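Both complexes below contain chain A, partnered by chain B and then by chain C.
This part shows the complex of A and B:
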């Protein structure tokens, strides 16, 4: 007996459940693709303005195989995303914590934060182009800024909302300072912090694509791939790019953030399991 | 009562919340002392400030006037010379049962091995062996509060402060926990200050029952319960004690009902 309760079992075998789940997920996409394909084939819309899904998939295949141009674009984007997002995570958590712990600083910076959080990250890019140049640094700065505010803001909220009796319990048992933070405040705020990380990676990813498009010295990147396709009037490549952006954003959330959630707040029962 | 028997001395303590029109006097001039090793119960009508008094002893709040001494030293902040058991358990959901019980031991300087050994002893004491690696959310309310009690006792505080610890439990579990509380207290030999609004619980558990007045709270009377343990809930020769507590309380409950009406 180890006291761990099992998730309630359903009448289906687990693999069957998964298959049904996957089917439910894929079906709407298949329906949309089918309708789309149909209206292009019938000739209601011109195939040059809206390439049919079959053409997009074929183009995607071509870009993946051979020289593997798509992988190169995606790889460059991922490097910039990793650097920018890691910086946003570190700075956001530290800044958020400092503000949450210090009332004077919080009252001073909260209005600034509320104001800056509503500025779309892409609006900063022209400024970065001048101050940081036309290359990777500008893109990484955009990625950083995209994630930073969401992470910092949700870290503050999370720490403020930690159950006061848990803090009192820890203080009674002799925890204070950095120990109180690492043992109670940080895990206690994890639900909100994870929300920040999830929103943050979404914003970072969007900022990355915009930043790549606007930075002239950047040659590779999924955003650049779309932008460059403009010069050849290659709408199909643009759609390949859009598809990859959507899919990658989705996978980042599902693989990275869901994994973190399962390892922490779901394991601890701080949210109901999905 | 000899002075050196007294672990906690509450001297002229008042507590006021809010300012101006919204000012609420929660406690008014409370003088009280708790003896070393006794099981004391604070009881009173709701809103009488019994939990506030316990919070002052814990150091979660500061008295507006007066002072509270623990072994002669003024209480200013929470610290490991006290253990606190919360009505809502306040366990750390990110730690296992063992991790929760080890927390205070580690913070007060025990090595990992010592902390684990002592924590396991306390987990056995509250009959949770086999659950040491479970996370709190997988436990029932009664089991959670067992963890709460083990956690508060493991690092060997001088006094155990309990704020309506069984208030959220169902009647059957509550009765069982009261019985186990007696054996835990007899084994641990700690000074316990226990807040409740149940007269039956108070009379079953306490050496002394401190009855408090309606707001602003002060000491209405103290009832000694010199009945040997194990006690029975229905034993006739101490039903008069229950009556004594009830009659003190009823006046105050009537008063607080008038205020609220």
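This part shows the complex of A and C:
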């Protein structure tokens, strides 16, 4: 976009920049892994309490290959995440839009909404366990709730920031309902909506892990993998699980949301590219 | 105008609760799963009064959680601010820890709990440690961002006027970072509160609001579950509105670090 400012400083190819960037990102982890490995090998801490990185990676490899248990756990988690997040996205956008467009409803709901937001998603899990049972439905409800509030709240904020004259102009020209939403409200509020979607996927992901741990009838899932490892005191599997959770959360945020940003607000020229 | 802002939500909540109560009494919903407001209130009062001469069970649960939150969040704040200053002051430290924080921050506290249960056992040590970690990340992150946002002109000016490196930390960097640190502390404490409740679900020995809710849900005592959530809303409201707004007024606002 603004090639002028970039041109003099970047002499080498962009992929090289990326490689350096990736290297800088990975290096700290390598350093810590090396020190960690050394501490365990020297025998300052016991390898059962703190398994060395080599053992964790080996275990991760075992879980990936063979029966592919890790993929099964992760796959189940992803199915729940997709369903819950998709529901949260739909409901959050609709609810947010309705509230933003209707002042009476907004005044009615917004104090209640801010009160409900203050309750951590995970605290609703016991309620779902009672009302929805101990299985998938509870986990999906937790994922939904995790994403819903962030998406709804930011949608309201985004639409409130859309120029009223634009909305009126569109309405004068006969745009209503879905058409008004997709042509005026959504593009106008998209920066804030994307913030909501981005926060939402993070909250949903965290709620998913917690929900899986607490739902007794759920057998598979990355949260469950960690929880089950407790019964065998299997610290190595716990580390594998935490690693996967951190990495997947990171990738969801970077890949999914970056892709969404590129496809929408950056293409529409609403933010300057970084 | 001002009155209307309160009337509508109160009317809405009141009619919602009324409908809930009615539905439970008429048998439209299962009253043992969806305990109506009246039985939530009764359960809470009973929990408070049952062993009253010695102690209130409800207040003991709440007190246990608050104690853990304060201890954990304080530890997290001290460690986070120190880490943040280091990261803000040194480019190398920042480059080293930024990726680590980015990757570790999204891991929920409840997922870390099993690990710490093995290391530290059930109860306070695990809950406080995981809570402190939860508070640490946003505080370190925001403090670092704040210190890095210090105006280089002012840094140079201070340097020219003979302020030492350590001195400029107190006189230049920290004042510049005040607003950021406050924002980080708020985020950190809120995160710590959420995490402590969540970890209490799986790691508490016998007390704590999270333990209370979890225990009640296992016996399908829905009145206590809903009552516990109500208590959480109340506590959060008090902490945020009274404690944090108060602290903010007394510190960063008074010192002119952020505009009101």
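Basically, the second predicted complex is superposed on the first by the 247 of 274 C-alpha atoms of A that agree within 3 Å, B and C clash if a C-alpha of one lies under 4 Å from a C-alpha of the other, contacts with A are read in each partner's own complex, and residues count from 1 in each chain.
Convention: a contact is a pair of C-beta atoms (placed from the backbone, for glycine too) under 8 Å apart; a residue touches a chain by one contact, two chains touch by 3 or more.
Nothing here was measured: the structure is a model prediction, and the numbers come from that model.
Undergrad: Looking at A:247, would you say it contacts chain B, chain C, both, or neither? Reply first, second, both or neither.
TA: Second partner only.
Undergrad: Considering only touches as defined above, state whether A:268 meets chain B (first), chain C (second), both or neither.
TA: First partner only, chain B.
Undergrad: Is A:259 touching the first partner chain B, the second partner chain C, both, or neither of them?
TA: In the superposed model, A:259 contacts neither chain B nor chain C.
Undergrad: Quick one: classify A:71 as touching chain B (first), chain C (second), both or neither.
TA: Neither partner.
Undergrad: So in the superposed three-chain picture, is A:235 touching just chain B, just chain C, both, or none of them (first/second/both/neither)?
TA: Only chain C is touched by A:235; chain B is not.
Undergrad: Examine A:61 and indicate which partner it touches, taking first as chain B and second as chain C; both and neither are also allowed.
TA: Neither: A:61 stays clear of chain B and chain C.
Undergrad: By residue count, which of the two partners contacts chain A more extensively, chain B or chain C?
TA: Looking at chain A, the partner in contact with more of its residues is C.
Undergrad: So in the complex, the part of chain B that touches chain A is made up of which residues?
TA: 58-60, 77-80, 82-84, 86, 88, 90-94, 97, 103-104, 107-108, 130-131, 133-139, 151-152, 155
Undergrad: In the complex, go through chain C and note every residue touching chain A.
TA: On the chain C side, the touching residues are 4-5, 8-9, 11-13, 33-34, 95-97, 99-100, 102-104, 106-108, 110-112, 114-115, 117-119, 193-194, 197-198, 201-202, 210, 213-214, 216-217, 220, 222, 225-226, 228-229, 232-233, 236-237, 240.
Undergrad: In the complex of these two chains, what residues of chain A are touching chain C?
TA: 24-29, 31-32, 49, 104, 107-112, 115-116, 118-120, 122-127, 129-131, 202, 205-206, 209-210, 213-214, 223, 226-227, 229-230, 233, 235, 238-239, 241-242, 245-247, 249-250, 253
Undergrad: For a test of understanding, state which residues of chain A touch chain B in their complex under the given definition.
TA: Touching chain B from chain A are residues 1-5, 163, 165-166, 168-175, 179, 183-184, 187-188, 190, 264, 267-270.
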